[in-house]
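Here come two complexes built around chain A, the first alongside chain B, the second alongside chain C.
Moving on to the complex of A and B:
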């Protein structure tokens, strides 16, 4: 099992899902299988993290020819970037399955397992065609889950997210194909491996267009302002597990993509786009946060919140210094935990009240103190309260921004304020005051506390002892940054 | 030892929190009290030991708990430093904190959420000590934010009433506006002056590397943080509303400790401020303006806690005058004495409120002198202290500040401070006489007060009466013990004894004047202020500042939010996308009509296509 550990981690959920599908397993067995697969992958990843060498580059590499004539290879490996993504994915799955325990619809479980394979594959792929394949694979379950198990205008909204993301995917695919073809032109062999394509050299204009293909896909996934109108409807309509994956993992894949492929393939060209993206990100930071203030639907509110913070993360990447980069990477992790937490809380709220509208809530703190505690905790960690990991990340990004330019710094620091307003006003109207809903509100039960507790503990640990986590990525991140800066410097 | 002082309350808060959440209905009065009150007692003991060590060893104590982060040059540890400034702070914070905890055990006894209260209260103590003892700006900021969080939680403690939560939100958000400045200052400080590391001591030694303009900017931004936390103009509006919290909270957080953190901060960063005296004058001006402004409002308030809140803001203004003009130890001295008499005033007010079954309007009280003798005497001492009547504590600390302003020739600031002194005596005695002397409007059925609530008052009254002697300066026959001990980079001023006596005498005369005026107006028959003149109604409505904030900030923000919701997102962004979809559908329909199933049309298309290809080839072959 440990020989091809990465492949096992990717495909275990899919294989279990397929076996279950073939034998027509009843839902009780199915969910046990799903939970089992998530726990096993978690342990595999923990084993991996333990054996991972933070000073080594790409590790646990597996490479096998796939469609040789076209140069497609099955090429996977792990470095600091994918390790963090992988840890997040596998950490979140068991709580999600615990959350879903009473779910009777089989399709739900199959989709989640397929989704896990899709996102895991995407973060481990080192071949661009393989990456593209997984990138699209993870879209399918989301489409189904919103369209079939969602609420509200679910079919319209699922169509909207699919069309907009596919627009991005297509442009990325075009860039990938062109890169592969040019590699064939120059070397006479087909290859889509990242390390091969990174050796290509074009004139600046071609690079700009090729980078645009990738950036469009990632900008839609994050989403940056202007590419975002799918976000709130999709978050609003999607069932909770899908929302958690979308905000905690998939949105971060856009960031991951910029790092892995953007900086991997055309770091000098990214500098051409940096001013635009920095401006878009700074606008997004405030635009989404202000929009969130008057939002009545909690899921949509935190969709905007997520957009605001992801803009901040995207900003950090384009401020090429170690503080901003570490901050962005750290934020990927802590924001994933916090937003998973808050969306799970919203899901639990929905289970009890059958509503996620703030105007129909109130006075929860009096009825259900445990619920109120967890809800407030996650909301405050979204707001970047010191003592939670989000603060560390925001601090690093703010320092990085000031390092770059004082004005960028000032605008970045508004993150201290932007989340505050909607979070605190929301808490006031949901948790406090007198209840305007007479529904009997049961407090969290043991299962729910258990599924939330790991997130709380991790958020606090990342907040009070970041030095436990930073050594995992810091050495390689600095090297990566030096390479990028070197390339950028050389091009000037 | 230092680490224990800070970490212990966090653990006790965690323990209390878990036990409370485990079963919120259970009454565990004894358990909560032992943990909740025992913790600050241990902290006090440890703080005194630390203070003793620093006094005798005269060295700064350092402890590192753990490395927090190490990225690039940013190397931050959770590390503590007990220097002279911080031991003065921790000794009175833990001591007064303990007294207020004991008081709270009586005050909150009947509350359902007694356990939660002490969890928050202990969390506050830990955060406050983190703020004070931290050896680097980042950890200080963490403590700074956490005390803000505790303040939020405790202001909104009675969360069934939305008004309290609004007050809590206001406090937190306005504090965050200040923190916005604070964090920018820290980032700039790090970017420009962290060659030697990012602890206070390291920054202080490298401060000359930063150019003066940048340093001024950093100084101003830091002070913005202080404005938020210490309720100075224009970020003060949260403090009066913060009185929505239980009275022990007002005493501990919004009078004695947290709100003085801004003053502590300026003193802590005195190594920056001595380089930029112009920013200091700005700070002093804001302080003077806040002192006077708050004192004017306090003269017309009717709610006992609001009067004390404005009074706190006013006294904080004095402290900023001091630290702004470079008299750091005078500022800290006033922080120290103020903690005693203001905590005492709040606790006394709380006792009155409880005795009168939650009545807070001073004009509905009256005649309590006989019934609440102990409360009356202790509050009287505190009032004398805050009004600046010697030999009580407030006189010496306030006098030191006004003397500084006068001798450094900032006469306007001095004038505002002196006028404030007059007003202070007036509104404080107005409150005291209305509550205790004036004729009662109705018969009161008083609720008995537990011993835990009255005994701490006595201890504080002793402090309020005598704490001033620690800072007695030469003119009054002392050696300014506390000032020498603090050894902050104070501005050196030469004051003749004659000036001191003159200014001190003037202050006493003004205080007595204010007292006398209050006596004639309120001692017999106290009446609420009426809105019969423009000025009065302006003051009673606290200058409509809240409404101004609403119009300038809150409303526009909501408008923009709605604008995005209704126009920008659906019409512009989605509009663009939908336009494309519409175009796509239109073209689909257009091309659909071409596909009409008639062979002769298809033949035509083939012909057109073939001709196009031929033309293209002919061009390519350069025939045409």
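Moving on to the complex of A and C:
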């Protein structure tokens, strides 16, 4: 099992789903299988994290021929970036399954397992075609989950998200094909492995076009402002587990893509795009925050809040200094945990109230203190409450921004303020204030507390003891940054 | 001499089968029995083809009598196998359809086999008049098949449209042949190739014009814009088995002759057509997308999208003209990929039609996943493959086609191809959305296990395995295996 540990982690959920599908497992068995797959992958990933060498670069590499005639390889490996993403995915799956416990619809469980395989594969792939395969296949479960199990204008919104994200993927596919062909032309062999394609050299103009293909895909996934029209409708329509995966994992995959493939393939060209993206991210910070303040639907509100924070992460990457980079990386983790928490809370709220509109809520704190505590905790950790991980991360990015330019720094700092505004105002209207039809409101039961507790503990740990986590990524991250800066410096 | 008869036996079996079926057409045998007879003749022919594959002692069939009229190469053999397999699939998958629609009679099977014989002859033809006769044998049978539902106005209208336009383009083929004969003095492809190679392009205007006329016929037969006006109506009017046969098998047959002509014999004058072909390609891509988007009937959508798929193939065809190495295998691979996916999709439509006999609009698919979860899953797989979604064989097909365009420097065409692939996501995913996103009033139905459904399941598996199958698992070819077949076929073209 440990020989091909990464393959096991990727394909275990898929295989279990397929076996369940073939034997037509009843929903109780299916649920057990899903739990089993999520717990086993969690243990495998924890084992992996324990044996992972923070100074080692790419590890646990597996390479095998896949489609030889065109040089596709099954090439996977793990480094600090993928490890963090992998930890997040596997940590979130068991609580999500616990949340879905009473779900009777089988398709729900199948889609979640397929989704786990898709996102895990995308995070671990080092071959561009393999990455593209997982990048696209993870859309299908999301498409089905929004369209079939969602609410509101679900059919329309799921078509919208799939069309917009596929537009991005298609442009990325074009760049991948061009890179692959150019590698064939220069060396005479087909290869789509990241390390091979990174050796290619073109003139500046070609690089700009190729990078545009990738950046469009990632900008839509994050989404940067201007590419965001799918976001709020999709978050608003999607069922809770899908929203959690979308905001905690898939949006971060856009960031991951910029890091892995953007800086891996075209580090110098990204400097050409840096001003544009920094401006877009700054606009995004403010625009999304304002939309979040005015939003009445909690799901859409935290969609915008998530967009605002992801813009902050994207900004951090393009500032290319160690504070901003560590901050961004740290924020990927803490924001994933916090937004998973808050979307789960909204899901629990919806189960009780059948509404997520702030104007129809109020006075929850009096009726359900435990619920109110968890709800407030996750909301505040989204806002960057000192003592939670988000605070550390945001602070690092803001310091990085001030290092670069005082005005960027000032703008960046407004995220913390604006987040405070919408979070506190929202808390005041939902938890306190006049009680609105809360008579039937039941507090959190034991299962719900258990599923939320790990997230709370991790958020507090990341907040008060960052030194527990930083050694895992710090050495490699600074090396990576040095490489990037070196390449950029050389090109100037 | 005796082994020459052996080489001719696959084609002879099909003709013999057709004649036997004609004699049996008015007997008391049921349609299922006749179908079985037709399939067993095809199976026999397929077995003969397999056993003779790669083992040819002569280059031409009956060389002492016919000269170089019929060529024997792996290229033709592989196309023969695809046609035969296509006809067999069409007959087997539609077995229920024949039983549930009263207008079918025994002659249907004879016509199918005659058209198959025409296609096989076409892939072996090494002489323009033979190619014309073969094309007309195949076409005439298909004309009759399109209008097979005699009492149905749509079907008859489709046949009229097809027969009038098709005969006119047939005349163009003859005109082209006449012009080529006028300049070369022969209609043999060997002579023509020698003549083209021996003269500079400026001295052979008549041959170029003749070859262009032939190309127009081919563009018409594959439904390229602006010769596409018949496609949607004919595909719509024809009964499902015939639509399936035309979209998957007949289209491939036209590409067989096109590849032979433009890859080998007219290769030196390909550069003359580059711009023309590129313009037609762009028109085809966008015209087809426009047609496909605007349809409310799924059958018409598939017809429109088949134009788009011709457009992708034309991209690779113009890449060949610009000297791309990967383009020819890419076309072959794409033909296999499209053949399996389209045949599967039409097969499911025909299956539904034989069960419920309704016009299949997009709306009729609402709740389909709840009524028939397995059928819906397989339909989704075929739609994903047609849309070029990764992990299906259609993705690899598109990948090779677009890479060939990049290789030949046609970045714009590759970009437009990707754009139309993106547009196609809309109309294919719309069907998936219809199937899965709406509840159904009816109960879940039992999955009927019979020959047609088993074949559909197998094709869905091939679509997925062709997309992700690896060489890691021995004895099951997967994507690499298909690519090897494609390369082998192309390398035998001389």
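Here is the rule we use: the second predicted complex is superposed on the first by the 490 of 492 C-alpha atoms of A that agree within 3 Å, B and C clash if a C-alpha of one lies under 4 Å from a C-alpha of the other, contacts with A are read in each partner's own complex, and residues count from 1 in each chain.
Convention: a residue touches a chain if its C-beta (ideal position, glycine included) is under 8 Å from a C-beta of that chain, and two chains touch if they have at least 3 such contacts.
Just so it is clear, the model here is predicted, and its values are computed rather than measured.
Undergrad: Put the two structures on top of each other at chain A: do chain B and chain C fit, or clash?
TA: In the superposition, chain B runs into chain C.
Undergrad: Thinking of the overlay built on chain A, is A:54 touched by chain B (first), by chain C (second), by both, or by neither?
TA: neither
Undergrad: Report for A:152: first if it touches chain B alone, second if chain C alone, otherwise both or neither.
TA: The answer is neither, since A:152 touches no partner chain.
Undergrad: With both complexes superposed on chain A, which partner does A:144 reach: first (chain B), second (chain C), both or neither?
TA: A:144 sits against chain C, while chain B stays out of touch.
Undergrad: Between chain B (first) and chain C (second), which, if any, makes contact with A:226: first, second, both or neither?
TA: A:226 contacts chain B only, not chain C.
Undergrad: Just to be sure I read the superposition right, which of the two partners does A:475 touch: chain B = first, chain C = second, or both, or neither?
TA: neither
Undergrad: In the superposed model, which partner reaches more residues of chain A, chain B or chain C?
TA: Of chain B and chain C, more residues of chain A lie in contact with B.
Undergrad: Between 79-87, 223-231 or 241-249, which run of chain C pushes into chain B after the superposition?
TA: In the superposition, chain B collides with chain C along 223-231.
Undergrad: Enumerate the contact residues on chain A facing chain C in the complex.
TA: Going through chain A, the ones touching chain C are 64-70, 74, 129, 132-133, 136-137, 140, 143-144, 147-148, 154-155, 158-159, 162-163, 166-167, 170-171, 173-174, 177-178, 180-181, 185.
Undergrad: If we count contacts the way the header does, which residues on chain A are in touch with chain B in the complex?
TA: 164, 226, 228-229, 232, 287, 290-295, 321-323, 326, 363, 365-366, 369-370, 373, 380, 385-387, 391-392, 395-396, 398-399, 401-403, 406, 409-410, 413-414, 416-417, 420-421, 424-425, 427-428, 431-434, 464-467, 470, 474, 478
Undergrad: Sort out for me which residues of chain C touch chain A in the complex.
TA: Against chain A, the touching part of chain C is residues 389-391, 396, 399-400, 402-403, 406-407, 411, 414-415, 418-419, 421-422, 425-426, 429-430, 432-433, 436-438, 468, 470-472, 478-480, 483-484, 487.
Undergrad: Quick one: in the complex, what on chain B touches chain A?
TA: 20-21, 24, 66-72, 74, 78, 116, 138, 141-142, 145-146, 149, 152, 156, 159-162, 165-166, 169, 172-173, 176-177, 179-180, 183-184, 187-188, 190-191, 557-558, 560-562, 564-565, 569, 573-574, 577
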